[in-house]
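Each of the next two complexes has subunit A plus one more chain, namely subunit B in the first and subunit C in the second.
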Partner chain A sequence: MAAVLPVGSDLSGAMNRFLKTILEKDIVDAVLMPMKVPSGDSFAWIIMSDSSIVDDAEAMAPVMPVQGARALRSLTRKGEGSIRVLALMRPCEIRAAIELSKLGQVKTENLILAAYDCPGAVPMDSFVSDPSSGEDLFRKMLAGEDVSAGEVKPSCTSCVEFSMTDADLHFGHFGLGGTEVLLIPGSPKGMEILEALELPADRETSIWDEAVRKRREKQVASRDAAFEETGENIRGVQGMLNVFADCISCRNCRAACPICYCRLCHFESETAKQDPNSRLDSAVTRGGISLPADRMLFHTGRMTHMSLSCVSCGQCSDACPADIPVAQVFSFVADRTQKAFEYSAGRNDGDPLPLRSFMKSELSGIHEMVSDAEPGGHAHE
Partner chain B sequence: MPDFHPRIIGFLCNWCTYAAADLAGSSKLELPPEFTVIRVMCSSRIDHNLILSTFYRGADGILVAGCHPGDCHYGEGNYYARRRFALLKKVMETLDLEPERLELRWVSAAEGNRYAEVVNEFTDRIRKLGPSPIRTSTRL
Partner chain C sequence: MNSIVMKQDASTAIRELLAYLLSSSRVDAVLTMRQVPETGSCDLGLITDPSGMVEAEPFLPVMTANAGQALSSISMSGKRIAAVLKPCELRGFTERVKREQGSFDNLLTISSICGGVFPLEKVISGDLEKLVPRYIEKTARAEAPRGLRETCKACEEFVPMNADISVSVTEHGSLMHLHSDRAEEYTEGFEGERIEARADQSHIDRMMKSRSAAKGKLFQSLEKSSGLDGLVDLFGKCVGCHGCSRVCPICYCQHCDFESINFDYNQPYFQESLEARGALRLPPDTILFQLGRLTHMSFSCVGCGMCSDVCPVSIPVAGIFKKTGERTAGLFDYVPGRDSEEPIPVMVFKEEELGDIG
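Take a look at the complex of A and B:
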């Protein structure tokens, strides 16, 4: 069941008004949402306590410059704040924030996480080069019009969690023809907001449910196709080397990733440095090696470090100057590793992080003395 | 491949498997010369990057071995190690990086015979698999 927010002419505007109201009525003390930068070619996260500033903000931005969970982390990594902040973000940003809260990097006690039905994002590079076309494109995406897949951020075309995360409050608008938004509470915190506004959650959500279900079906099909293609491309050492052939080791992918929060990444640490002669030995025995070294180690190492928490947000691909489909590879691997542990990144269902928990009796296939032991096995038996 | 001599690294827990290796040695059991032992304090000391770098530096096979579940000297290290290991296996399997070149086994300090069996079996497997494709790559 949900409460209803009427929409005048403009969906995003109606959400802005709602946020303004909860600020004015002191239901929350501040709101974190995107605002267009003065040059008009990007958006920045602004945390605002003054409701008049909300007018200049944008509930749903066409682009995703900084992953919202990174913004939240910069706010609360040293502890929870003393005022109540509502953060309105894309579902993948909310899921990353939930992962970061499990990792102790975001404190959610005084945060109200709000998400909306996300139609996808416009890739950063195309938006920067032509913001007004980018905004037109995003309006079409919001209205549910067909746009060509090539214009949308690649991860968004195969995103299956575009709606209904474990947020405290969800703004559902798919299938409602732009005339209303459903305010769907996902927790007592979300419910309290509706109660404070005296908005009864008495509306059936079946039309919206059906629209989400239909869209998910389509998205699942395109994700499966993307996985299949990626799976083929990265097969074996040679496949990985080909996909990452253009990598310049700038590590932007890691910098943009919401999950990679380590202050000192292993790959920057003393441990990762090697004696020159060990590199030279490799060069001599193999006939040659490529420098800077450890490109494959970096990517496969990062995969093992964070794929269990990857939310498939696509920021790594967006940040890559060499146009490598980093996110497609990471999402594919993440899908497999998360399934192996029956874990789903970004859920608030009480499942602990797989590497921080264990069961005494599990994964029995992997350590027995049989050569054909099934790799991976199942974490929960 | 008759003259292929693989390079195999065994990361052995000090408290169990390393002692088993000692026992196997002093019992004069036959052990393959291609198997190089590195002693670690617990199977949970082994992180993914250590294994991956060992492969990238040219290992044809890697065996991680520690105390049986329930017997870890530090209590629960090997339970966590097992999860990490399962994750790394999954990544290698997904990328088709020949996950069969990596194994985890439990061998207690008293199991000298089992140690010899495990090591010989694993070494045979790697001999059959031939050199790791990573070992010869120049573009890592």
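Take a look at the complex of A and C:
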């Protein structure tokens, strides 16, 4: 059941008005939402306590320049605030925030996490080169019109978690023709907001449910196709080497990743630094080495560190100057590592992080998984 | 100056020299750009086996990483290394040596009068095959090839400043100039006619003319970025990935101050900011990072352009840093990478200086 927010002419505008109202009525102390930057070619996260500023903000931005969980991390890393903040974000951003809260990097006690039905995002490079086309494209995406897959972030075209997350409040608009938005409470915190606004959650949601189900079906098919292609591309060591051949070791992927929260990445630390002499020695052994060194080790290492919490937001691909399909690879691997632990990143269902929970007996099938991953694809006798 | 006449094209000749240095055990390893013939993929190779030299493309107009940065740690191995560096890579390396991040002790540096490099996006998109032949033609005539990095078009430091060996290529042929005793010693026995010659000054002058004009235009285009509003306009879309600092040959800090705990804020800060301003951008300090980095390294900026190449939102970082760098370095009559003995301005104490700064 849900409450109803009438839309009028502008979906995003209606959500803006809602946020303005909860600020004006002191239901929350501040909201965190995107706002266009002065140059007009991107958006930034702005936390605002002054309700008049909400007029200049944009509830749903066409792009995801900074993963929202990173914004929340910067706000609460040093501890819970005394002010209540509602953060309106994409589902993958909420999921990343939940992962970060499990990792102790986001404190959610005074946060109200709100999400919306996400039609996907426009890749940053195409948006900055032509913002007005990017905004037109996003309007079409919001209206549910068909756009060509190449225009949307690749990870969005195969996203199956585009709607209901474990947010406190969800803005559902798919299948409602742009005339109204369903306010779906996901927790007591979300319920309290609706109660404070005297909005009864009395609308049944079957039309929206059906629209989300249909879209998910389509997205699942597109994800399965993407996984199949990626699985082929990264098969074996040579496959991985080919996919990451153009990596220049800038580590933008790590910096853009909401999960990679380490202040000093292991792979940039003293520990990972190889002694120059042994570096030379390995060059001699192999006839030559590629510099900057250990690029493959970095990617597989990062994968080991964070794939269990990967939310497939695609920020890594967006930030890669060498156009490597980092997100597709990480998403593919994450799907498998998370399945191995029956874990789903971004769920607020009390499931602890797999690496932090001890079980006497687990992963008994690891041998088959390893041999399956080898070229040839079949378990060895 | 003692010079060696190159009978073949410069790349082939240097490839042969590098193979000679390896097989005669004058050096233990060679650092050069490589290109994998099958995939077209480029990287920096540290090669020890002379047979690996077939993939070497010493003068490929591509910079996947500033080689001065890549060379930094391995130059301190005590092994002898011959490194082919673009002038800005050599200058970047020189700046690192001043910061005790590298050593010239066992290094033979080979550089060339540089025609510039193509942006990474052109390399990735597979356009090189078409671009490189035209590039070679144009640069031999001292003309500016199209599509180069913005900072390369505007680079006036295209003549190597302190290389052991420098290469000059004109329509009339290619020469290897030997600038140091080490160069003489290492090339001893390497085949090729020795003549007394310098790089063709009129060729350099013609290149300089187009570079200076392009620099004027580049700096002019950045004028709008003056003042705080200008900075906000330029850097407002920064996503805070700090890729610019990681690929910078000067930014050598293992743990950047702006990623340290010094820039984590506690709740009172946020609450006070909200009370005072009504709104605040998160994560904070977008412009502060850029200004801070400018303060930390601009006087050593060699204008290599790596920062712009990796910026996911196409901010003209390199142009801004180069422009600022020329001013800050200029205050101290300092030229980054000119001379490894020249001290870094901020490391020198003078009782009286910058009297007119106010």
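Everything below uses one rule, namely that the second predicted complex is superposed on the first by the 362 of 381 C-alpha atoms of A that agree within 3 Å, B and C clash if a C-alpha of one lies under 4 Å from a C-alpha of the other, contacts with A are read in each partner's own complex, and residues count from 1 in each chain.
Operating definition for what follows: a residue touches a chain if its C-beta (ideal position, glycine included) is under 8 Å from a C-beta of that chain, and two chains touch if they have at least 3 such contacts.
All figures in this text were calculated on a predicted structure; none of them were measured in a lab.
In the three-chain model built by superposing on subunit A, subunit B and subunit C fit together without any clash.
Of the two partner chains placed around the shared chain by superposition, subunit B is the only one that A:Q238 touches, whereas subunit C remains out of contact.
With both structures placed on the common chain, the touch criterion links A:L197 to neither subunit B nor subunit C.
Legend: residue contacts after superposition of the two complexes on their common chain; A:I27 is shown touching neither subunit B nor subunit C. Touch criterion not met for A:I207: it reaches neither subunit B nor subunit C.
When the two complexes are overlaid on their common chain A, residue A:G287 makes contact with subunit B and with subunit C alike. Contacts of A:T304 after superposition on the shared chain: subunit B is touched, whereas subunit C is not.
In the superposed pair of complexes, A:M296 makes contact with subunit B only, with no contact to subunit C. When the two complexes are overlaid on their common chain A, residue A:S39 makes contact with subunit C while staying clear of subunit B. Measuring only between alpha carbons, the smallest separation of subunit B from subunit C in this overlay is 9 Å. Within subunit A, the residues touching subunit B in one complex and subunit C in the other are 245, 287-290.
For subunit A in complex with subunit B, the residues that touch the partner chain are 231, 234-241, 245, 266, 271-272, 278, 282, 285-290, 293-297, 300-301, 303-305, 307-308, 332-333, 336-337, 340-341, 354-355, 357-360, 362-363, 366-367, 369, 371, 373, 375-377, 379. Across the complex, subunit B meets subunit A through its residues 48-49, 52-53, 56-58, 69-70, 76, 79-80, 82-97, 99-100, 103-106, 114, 117-118, 121, 125, 133-140.
Chain contact summary for the complex, subunit C toward subunit A: residues 28-29, 31, 34, 36, 39, 41, 43-49, 51-52, 64-65, 67, 69-70, 73-79, 120-121, 123-125, 229, 232-234, 236-237, 239-243, 246-247, 254-255, 259-261, 264-267, 270-271, 274-275, 278-284, 286, 309-314.
The part of subunit A that touches subunit C in the complex is made up of residues 30, 32, 37-39, 41-42, 44-50, 52-53, 65-66, 70-75, 77-83, 124-125, 128-129, 242, 245-246, 248-252, 255-256, 263-264, 268-270, 273, 276-277, 279-280, 283-284, 287-292, 318-323.
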